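Below: the structure, in structure tokens.
Each chain gets a letter, A, B, C and D, in the order it is written, and its residues are counted from 1.
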Amino acid sequence: MTTSLARRKFLIASAAGTALIGAPAFIRNASAAKDFKIGMFYAIAGPAANLFGPTQKACAELAVEQINARGGILGRRVQLLFANGDAAVADATKSAVRMLLEDKVDFFLGSHNSAVREALVATIKARVPYVYTPIYEGGECSPNTYVIADTPRQQMETVLPWLHKKAGYKSVYLIGNDYVWPQVTNKYAKGIFKKLGVSVLGEEYVPLGAPNKFEEAVTRIKGAGPGLVLITLVGGDNVNFNRTFAGFGLDKNILRVSSLLEENTLLGIGAESSNGLYGCMSYYSSVDTPAHRAFKTAYRKKYGDKAPILGLIGVDTYAGVKFVEAVVTKAKANAAAKVKSAANGITFASATGTMTMRNRHVDKDMYLAECKGTEFQIVETFSNVKSGQTCA
Amino acid sequence: MLLLLLALPLALGEYWAFQLGLFFLYAIAALGVALCWGQAGFLPLGQALFVGLAAYLSGAALIQWGEAWWVFLLLPFAAIAAGALAFLLGLIIFRGRSESGPYFAIITLAIALLAFQVANSWNAVTGGYNGMKAIPGLPGLEGFSDVYYLAAVALACAVALCGWLVQAPLGTLWRAIALNERRVAYFGYDTAMLKAIAFGLSGVLAGIAGALYAPQQGLVTPELVGFALSADLVIWVAVGGRKRVLGPVLGAVLVGILSAELRERTYYWDLIVAAVFVFVVLYAPGGIGALLAPLERLLPGRRKALEPLRAPASKAPRSAVTLAIDGVSAAAGEVRILDRLSLAVARPGIYCLIGPNGAGKTSTFNMLTGELRAQAGEVRLDGDILSKPTPYRLARRGVGRKFQIPSVFGELSIDENLRIAVWSARTSLLDWLRPATRRWDTPVMAALRGRYPFLDDGGRLASALSHGERQVLELSMALITEPRLLLLDEPCAGLSSEETAQVREVIRWARDTLGLSVVIIEHDMALVKQLAEHVFVLHQGRLLAEGDVAAIRSDPRVHEVYVGAAE
Amino acid sequence: MNTWVFDFEDVTGGYGGSVVVRGLTGAVAAGQALCVLGRNGVGKSTLLRLLHGFLPLARGSVRFAGRDLAGLDPARRTALGVSFAPQERIVFDDLTVRENLTLMRPGHPLAALAPYFARFPRLAERLGQHAGTLSGGERKLLSLLRVLAEDRPVALLDEPSEGVQSESVRQMATLIGERKAAGAAFVIVEQNLELVEAVADRYLILDQGRTVQAGDRSTLRRAELVAHLRV
Amino acid sequence: MDPLLVTQALNVLYEVVTLAVIVLGLAIVFGLLGVMNLAHGEFIALGAYVAYVCQSHGLPYLAAVPAAIAACALLALPVERFLIRPLYDRPFDTLLATWGLSLFMRKAIEIGFGGGYKSLKIPVSDSVLVLGTPFPAYRLLLMALCAALIAALLLWYRRSVAGARVKAMVGNRELAQAVGIRTDRLARDTFVVGLCFAGLAGVMVAPLVSVQPYMGLDYVLRSFFVLVVGGLGSPLGLLSGAAAIGGVESAMSALVDRTAGYSTVLLIAIFFLWRRPHGIFGRS
């Protein structure tokens, strides 16, 4: 009875279309008890909100639409509740508390930075399972926490040996922002360089959140003369560095690999400065697989011409929601122990294919992309790359 | 009130208790910002530094000893450490430069930016970018809403503390500094110390917020040290109202919670906040707190006038003063203002300093009090060479000054103005905190009240006084400090002849009762004739002539500089 | 219809709401000088600042060529034809002597000032120097020259002779006399009797913000003035 | 000569000269009028976005110059009238009001142009040999343009009548009124010109940096530091401040790394704000 009532309300709301978007929120609350609620953190307001936010939301909603079309999770309609992940940690914490206590969400999904992740872990305290989606430094093994993200191993283990084989660089220079993700990535990369017999000519970090310029660093790199530069700069620093690098003409002789190079950043770097620049992540919008073609068709169909630009940070929420569906369906509950045993070895859909959860991280396909203008051209696919994480 | 606060979580539920608890903590830090900005008149723009420091300390202590009940005893130390750092920083900065304008704000901002880099890079200690994690809750208070009670009690205590400080003599002195710091220094107060105390207390308040933030959140990240929280605190204080005790609390709780709730739902929220902020700065400097004013008036229990207390004796020396200026030269830019000036005040009495405009009369005073640096020559006070004089040090040695344009503290009441003078050179740190100090009275003060009945109307603001009354008030304040040497710059300018006569009598009375040496810059020759026991005539930065009035009048050189060459 | 080029009536006002001068009335015709006399602190400078719009009038009116100047800021009064030389901060220290003289008359040849420079050769020698490097007396001369160079119908001068050597004061008096002959009117606040006696056509003696004596040249008595100015 | 040394020396020079141009607008507004404009960086951003719009419409790069000046002037006029003029002589409130304005402008730019990075094509993309070492041509051109712009402004300030009037107003506002200068209008015009220079600086650096709504933050604080170290109101101060802040940051970045450069600049700024607020040459 209540179920059919809820369904009818849902149908009415859907029929009313976008004009009534404000109203369903109320109706959803009325049907709160039955829906399967995912509390999702993404960039709603803040510096990253315009970069990633719309994609994060669109991809998650696409996944939810597909799941609900098939009858939801365990017969329950899936509902997304949103909170800002591009916020001060205390703001994220209070949103998590609200979702825990008032909304009583069944699962948490987060696409945000590592500091906010630590805040959510500290707040949720494993009471509800939590899946974290964007690229990060690895090492998250808190109980009842699952990670879809690309890890340093998945990135470095693929791109560095491949480029060494193809381009034969003999030496390398490392530059990154001064915080944990670049440091951990570089530590991992240096292990690989040692095995490859590549010498590290320099390693430097620039302050996070400071107005950085890169003329001096680029000149230093020019003097060191490496065959490859490994870039673990983020955001505007990544843009500035690469524009300066090419401006000084270093792009003609030195290869670059950037660890966090998605579509927005490449647009900022621009076609003039992207020659000889590579990236290695689990998603590029130019990946050509049957699954991705289907994904993109569905995405275009749902959002039309004004669809937010596709990129790794954003699309990974799609896989995140699909993981929730797969694991809860298999476990038949969201209790911690059941989810944990169901999760290990489970395979679920991503935008480009499938991923497999092991040790609460995923084995996934990685793509090596070379920048051609402001587009990524996939030059190699690495299948089922292991995360290198060993969470119990 | 407190009961209402404690009952709130039962009505609103655990989530709101958690949320309110956090913003109560922010409100405590905001109270500190308001103490500095609304009371003492300087704006700290990097206050998060102290919140963050205490949070890291408290977090570390909890991680180390979180199981033990006595960890509660450690938390105050985190707050005190933050306060100590603030006090030291304040003392260093304020000693280096006496004013507290926007540059102080930018210094604190730059320090906070540096601290952010340290917190972000020093992985081993702070946990770096991802923060100091797995901080346990306080023993027995692990629930989401449990810290709420602690925060509510802490906030109530902080509000009470601030309310009390604002009422205490310290609050009066802070407000006086905000209005005219130089004048406060001329009353013999160490203004740098007073401001550093305000900054230190604001650090303690920020520290209390930080110390409780760590167990409430379970995580401390570098952004807690950074600019964003510092900026939010300032916006909350501005919008809430920086001059009222409850203003910052209103700002933090209302604006803070509205922002937290609406930012992610309202696309234009940041635009709205920016516009409201600009509006408040431009048109409503009192903030929301100003709306409370009518309510406050309704509250009963206005304090009755209390019996005055006899103030202790001044700590400044009491013996007669000797002053000798010997060959002093000084310049401003290219223009020579004092040119080998020599004059001496050897025994108590009334000395007049006259001369045409630009002769260097006020400059002589400025040179004595250290505002104009002497390039050559020396000044001896009681036989000791005065090197690097400051208004504060001179006041401590019994030298007072009254300015030409009356510089009483306009936004303070007559009573408060007089008290600042009474406390001069009589108070210790402890007295600044004791309300009883407000009742101090001295025979000189009583005598002046007798002469000038308007001084008894203590509640009036000094800005509401007439020009003549302000002149008298400032002269009274100078006399109440019971100086040995008093420098008066045109004490009768703009007074009616009746008022002039009264001032003349008061100066004579003060000389007789206090054994005072008075040096008066005066243009009114009638007054000079009536008052002066000795006259110095200055011309082009030099002593042209000196002697009694009759000798000066008959001096042809004096005649020439005043009226032009004789035919 | 009167013939005054500049006149004021019942002028009352002061700083920040306090009243320093009360009910002052005076007038000057073209080719005349009105001297305002009195001890320091009686409100002479305040009067000039009220006349030129730096301070608001609490009561009274100021007219130039019959036009009421109420509501006009100092810059507009100057543009209309009333020059003003203040008592303090009298020149632009950061500008050269030449710039001080030509600031509002770009391209105007300095040659027109040649007769003045002839009387004050020291200024002519220092045309390229910053005014801030001049001595006090030289600055006063420069200030006066600036006003004379502006060549406006009315000039308000605040103690032009202060700090100036007596030889130069005599030159000043001659210059002001020449300009009067050419039809300019002056309101001069002054304490130097020599200058007053040389140029004044009318006078006004103030004490404590009020007029105690006023009249024309024929009633000007040195002894009385000295009594009001001195001990 | 060691080619790296040549390049690093040019980098230091480049940093100093571009920093001077970035500060120019604030030097006018803060140095001459005493207005602490915390929205300075947002006007630089506005100039950069105007350049982006011009370029994306296929206009020649120089077209951005008049466009940016027009945009900044149009915005500066109401800002002066309603935000700055009521707050003269209230430095704290000016600081806070312009800070509010900067928050507002940043968000407005984000709403208008989106939060993503905009990349502008570099108008001149070749390299030029300097003492045998290649150096990017646009950077050299920019240095020349910046130097020319600063020199022109200094010459104008020193030699022109308008410059003399501004100097007169700054040095002695009351006397300026007495000689007939409409100081309120002159102050308004000076403010507008200052913000136009900020926009112009935005146009000049836009091809070399990441253009995004938050870019203004990078410039405003350093601009203040330059002015504090150099001292207000003097052209020599502007250059020496830029040399001290930009030169030290660039040199430390070249010798050690960015962290050293950034921290040194903060420490220098703190020292000057604390001990020598009137700058290197100023009297305390």
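Operating definition for what follows: a residue touches a chain if its C-beta (ideal position, glycine included) is under 8 Å from a C-beta of that chain, and two chains touch if they have at least 3 such contacts.
Computed from a predicted structure; not experimentally measured.
Student: Once the contact rule is applied, which chains count as partners of both subunit C and subunit D?
Tutor: Touches both subunit C and subunit D: B.
Student: When contacts are scored as defined above, which chain pair ends up with more C-beta pairs, B-C or B-D?
Tutor: B-D
Student: What is the distance, in whole Å, between the centres of subunit B and subunit C, each centre taken as the mean of its C-alpha atoms?
Tutor: So the centroids are 42 Å from each other.
Student: Nearest whole angstrom, what separates the Cα centre of subunit A from the Cα centre of subunit C?
Tutor: Taking the average C-alpha coordinate of subunit A and of subunit C, the gap between them is 78 Å.
Student: Taking the mean of the C-alpha atoms as each chain's centre, how many Å separate subunit A from subunit D?
Tutor: 38
Student: Which parts of subunit D, given as residue numbers and ranges, touch two or more other chains?
Tutor: Answer for subunit D, listing residues that touch two or more other chains: 221, 259, 262.
Student: Indicate the residues of subunit B shared as contacts by at least two other chains.
Tutor: Residues 113, 117, 121, 267, 270.
Student: Residues of subunit C touching 2+ other chains?
Tutor: In subunit C, residues 93 touch at least two other chains, as defined above.
Student: Who touches whom among the chains?
Tutor: Pairs satisfying the touch definition: A-B, A-D, B-C, B-D, C-D.
Student: In the complex of these two chains, what residues of subunit B are touching subunit D?
Tutor: 43, 92-93, 96-97, 101-107, 109-111, 113-114, 117, 121, 231, 234, 238, 267-268, 270-271, 273-275, 277-278, 281-282, 285
Student: Residue numbers of subunit A touching subunit B in their complex, please.
Tutor: Listed in rising order, the residues of subunit A that touch subunit B are 44-45, 82-84, 87-91, 93-95, 97-98, 101-102, 114-115, 117-119, 121-123, 178-181, 183, 207-210.
Student: Sort out for me which residues of subunit A touch subunit D in the complex.
Tutor: Contact set of subunit A toward subunit D: 47-51, 178, 204-207, 210-213, 215-217, 219-220, 222-223, 236, 239-240, 243-244, 247-249, 264-265, 267-270, 272-273.
Student: Using the touch rule from the top, collect the residues of subunit B that touch subunit C in their complex.
Tutor: 333-335, 356-358, 466-467, 490, 493-494, 496-497, 523-526, 528-529, 540, 549, 552-553, 560, 562-565
Student: Within the complex, which stretch of subunit B touches subunit A?
Tutor: By the definition above, subunit B touches subunit A via 13-15, 18-19, 22, 113, 116-117, 120-121, 123, 128-131, 133-135, 144, 213, 217-219, 221, 223-224, 226, 228-229, 260, 263-264, 267, 269-270.
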